[in-house]
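The letters A, B, C and D name the chains in turn, as written, and every chain counts its residues from 1.
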Amino acid sequence: MSAMLSNALPFDRLVDACASDWRAYIEHPFVRGMGDGSLPEASFRHYLKQDYLFLVHFARAWGLAVYKARSMGELRQGLDILKAIVDLEMGLHISWCAEWGVSEDDLAALQESRATMAYTRYVLDAGASGDLLDLHVALAPCVVGYADVASWLLAQQFLKRDGNPYMRWIDMYADAEFQQAAQAERDWLNARLAGMTPERLAQLSRIFRDATRLEADFWQMGLTLAD
Amino acid sequence: MSAMLSNALPFDRLVDACASDWRAYIEHPFVRGMGDGSLPEASFRHYLKQDYLFLVHFARAWGLAVYKARSMGELRQGLDILKAIVDLEMGLHISWCAEWGVSEDDLAALQESRATMAYTRYVLDAGASGDLLDLHVALAPCVVGYADVASWLLAQQFLKRDGNPYMRWIDMYADAEFQQAAQAERDWLNARLAGMTPERLAQLSRIFRDATRLEADFWQMGLTLAD
Amino acid sequence: MSAMLSNALPFDRLVDACASDWRAYIEHPFVRGMGDGSLPEASFRHYLKQDYLFLVHFARAWGLAVYKARSMGELRQGLDILKAIVDLEMGLHISWCAEWGVSEDDLAALQESRATMAYTRYVLDAGASGDLLDLHVALAPCVVGYADVASWLLAQQFLKRDGNPYMRWIDMYADAEFQQAAQAERDWLNARLAGMTPERLAQLSRIFRDATRLEADFWQMGLTLAD
Amino acid sequence: MSAMLSNALPFDRLVDACASDWRAYIEHPFVRGMGDGSLPEASFRHYLKQDYLFLVHFARAWGLAVYKARSMGELRQGLDILKAIVDLEMGLHISWCAEWGVSEDDLAALQESRATMAYTRYVLDAGASGDLLDLHVALAPCVVGYADVASWLLAQQFLKRDGNPYMRWIDMYADAEFQQAAQAERDWLNARLAGMTPERLAQLSRIFRDATRLEADFWQMGLTLAD
């Protein structure tokens, strides 16, 4: 609906243009299962493992952003996120995996699932063949979406806090720091998307929708334990 | 087994290193269904449509090969294949689609399926982030594999020639010209793979296996009509 | 001056924003020397040889354009130019070199001059790290500029037609077919540049100016026989 | 000569294959002028300013290395160097420029010289169109060469320590930390170059020689104040 409103922010218009895909991603059964604690542990473990492989390509994508930078501001933006992923998130992820019984050796021997390949390579190709904005738009379902997933869950009646093994995951992405990083990305996208021609917006809209569908598939892979 | 034999050709060793994946691709139920004529027409039509989108990214991949060329020989090789795809195959494909009731307008309005995105973007990322050999190896399940699919079908007892709507597809890839092109690619790969270090072969082996699995998924998409 | 006029075409505004660099390129002493026939033959021969190496990277740049294509129109545009370069221009160039005493073996053994590396790699990096428009803008001093050089020379009083060994070069780029190709590129650029934000235009303006300076250096290399 | 010796390390063979180019770079008049203190201050200031622009593209090149990484080891290697450049060297460079009367505003308004464009874009294209090893080899004249320049100067009789405004530059690159980083890069290159086919080594040899010549041009630009 807000797509009809001329004063909707550009990023919101990307979301509205694929509203049902976006909702299917944010409110995916996997997400709901984390919220009410009903998600099978095997599903979460499978997700965790593939998410580690995802992080490797996510880091590659921000390396690509550094390469594509055309100002010191863009260069530092890419590097800051790259450092957050490699120096911080990966360590957290590895220790988290350990708690779920997945060792570093397990991680090193992992075979990449189709869903991991599909989303990561789509993002990398969009960025390599397009420009820095294409790359950011393809990454937005991840960067902005995870913050939305956490916020959405916190607002649900079915949310189970006590004894929910996934509450820590939810809290991590609901955390002020992560929410601020997501908002910073949203602001950057809004600034860049402003003034784009309708043709360019249509192109970016398609990238955003495709990436959103592929992110939803990533949840689905966890649910079905698909390789 | 031939992986054990020191005199196996390098490309055959790539195949042997993922023998079960390769066979699952070459002898996929979709392929068998074309051979005995039992494949539902809706499946073939879905495949045909997505294969058009595949061709677009396949052409992009050979554009990438031209960009990555380091000799006139490599440059002409990429360009020759690019011309074969855009000036020849695409036209054939469009007319074929027309016979199957899919118009050019339908093709222009198509939404890319997950399987199409997964395989094409994997190939493009392998090539963009690696070198020309990575690109060729990622493309080999398509370039070499389609020739093998056709040859394999021709040797099967269950092959149905008369009244099989898919016989034309099989004949096209069994044709001498296509088989020679596939053999030329095989020869080029054998020449390039010779002398590679074990570390490099392991890397290329993984790319070949991943690409083979993603090509099998492309058949599967046709079978299940997945979007 | 026309930069002040709001109705100037976008491409003309790129030219006007670096008017003195553009004139220094179009009316370079090397160009004047071709016009009045006074250019030393050694200079032209040096230019011819390096221009062959330029063509190789020029072809790579259009391969990059094919890779970056996001529509069949963009894909065919890149391929058509690629075919014109490799299937047509390179052959002409080789036969021309032969007439000037430069054999194919000489061409194969050539060492690339600094000026050749500087312009070609600048173009390729602008295109690889930016988008298709960055690539076209970086190539414009070549694609559009050579047509302008020929037109400009034809309008000069000092032009010597009889017995001028460079008249054939001038006629080739003054030819209707080449002029039309240059105009088609100009039209494409005008269509794409329309609607760009001022920030984007400033970025493209810098690329165009840098590329123009590097093209002028290419003439200078011929004049000074620099390696 | 050591190129003849089968036990020479692979990187030394790259150097030996372009020995005169390498020496012309390491012992360039600009370098000698820093050693004996005779280099005009305007030359050093011009060099310093362009070296800042160089650092920006140098950082982009290591962003490219992160994108091209195929293991966590390669990813961290690229990121560590990237952090050293952006978080450390750039700050040092800016404060150094300030001491030499070049403000941050001056740096922001700089026009890139031909020599800066030529070397940086050559490196970026070698890396983007090739693989990670191509990129490292193209960067080696900088990463390894600066350490060699400093070591060489320290061993020269003409070195002037007292009152030499360039002694600090020399000491910085002669410092144990920088020398160790250069040695680490040398070791990495030796490990990767081992086992390469002669064809591949010939290709890398050409990249190394071209990059060495373009680095020498960077000194020359300082000497002649060329834009």
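As a working rule, a contact is a pair of C-beta atoms (placed from the backbone, for glycine too) under 8 Å apart; a residue touches a chain by one contact, two chains touch by 3 or more.
Quick caveat: nothing in here was measured; it's all calculated off a predicted structure.
K.L.:
Chain by chain, through touching neighbours only, how many steps does the shortest route from chain A to chain C take?
P.N.:
The distance in steps between these two chains is 1.
K.L.:
Have a look at B-C versus C-D and report the one with more C-beta pairs in contact.
P.N.:
B-C
K.L.:
Go ahead and note the Å separation of the Cα centroids belonging to chain C and chain D.
P.N.:
Going by mean C-alpha positions, chain C sits 31 Å from chain D.
K.L.:
Could you please state the distance in Å, as a whole number, between where the Cα atoms of chain B are centred and where those of chain D are centred?
P.N.:
43
K.L.:
How many angstrom between the C-alpha centroids of chain C and chain B?
P.N.:
Measuring from centre to centre gives 38 Å for this pair.
K.L.:
Hunt down the residues of chain A that sit against at least two other chains at once, touch-wise.
P.N.:
Within chain A, residues 60, 67-68, 124, 129 contact more than one other chain.
K.L.:
Can you tell me which positions in chain C touch chain A when the two form their complex?
P.N.:
Residues of chain C touching chain A: 67-68, 70, 129-131, 134, 195-197, 203.
K.L.:
Taking the complex as given, what residues does chain B use to touch chain C?
P.N.:
Going by the criterion above, the answer is residues 56, 59-69, 72, 75-76, 78-79, 82-83, 86-87, 124.
K.L.:
State the interface residues of chain D toward chain C in the complex, per the touch definition above.
P.N.:
60, 112, 114, 117-118, 120-122, 124-125, 128-129, 210, 213-214, 217
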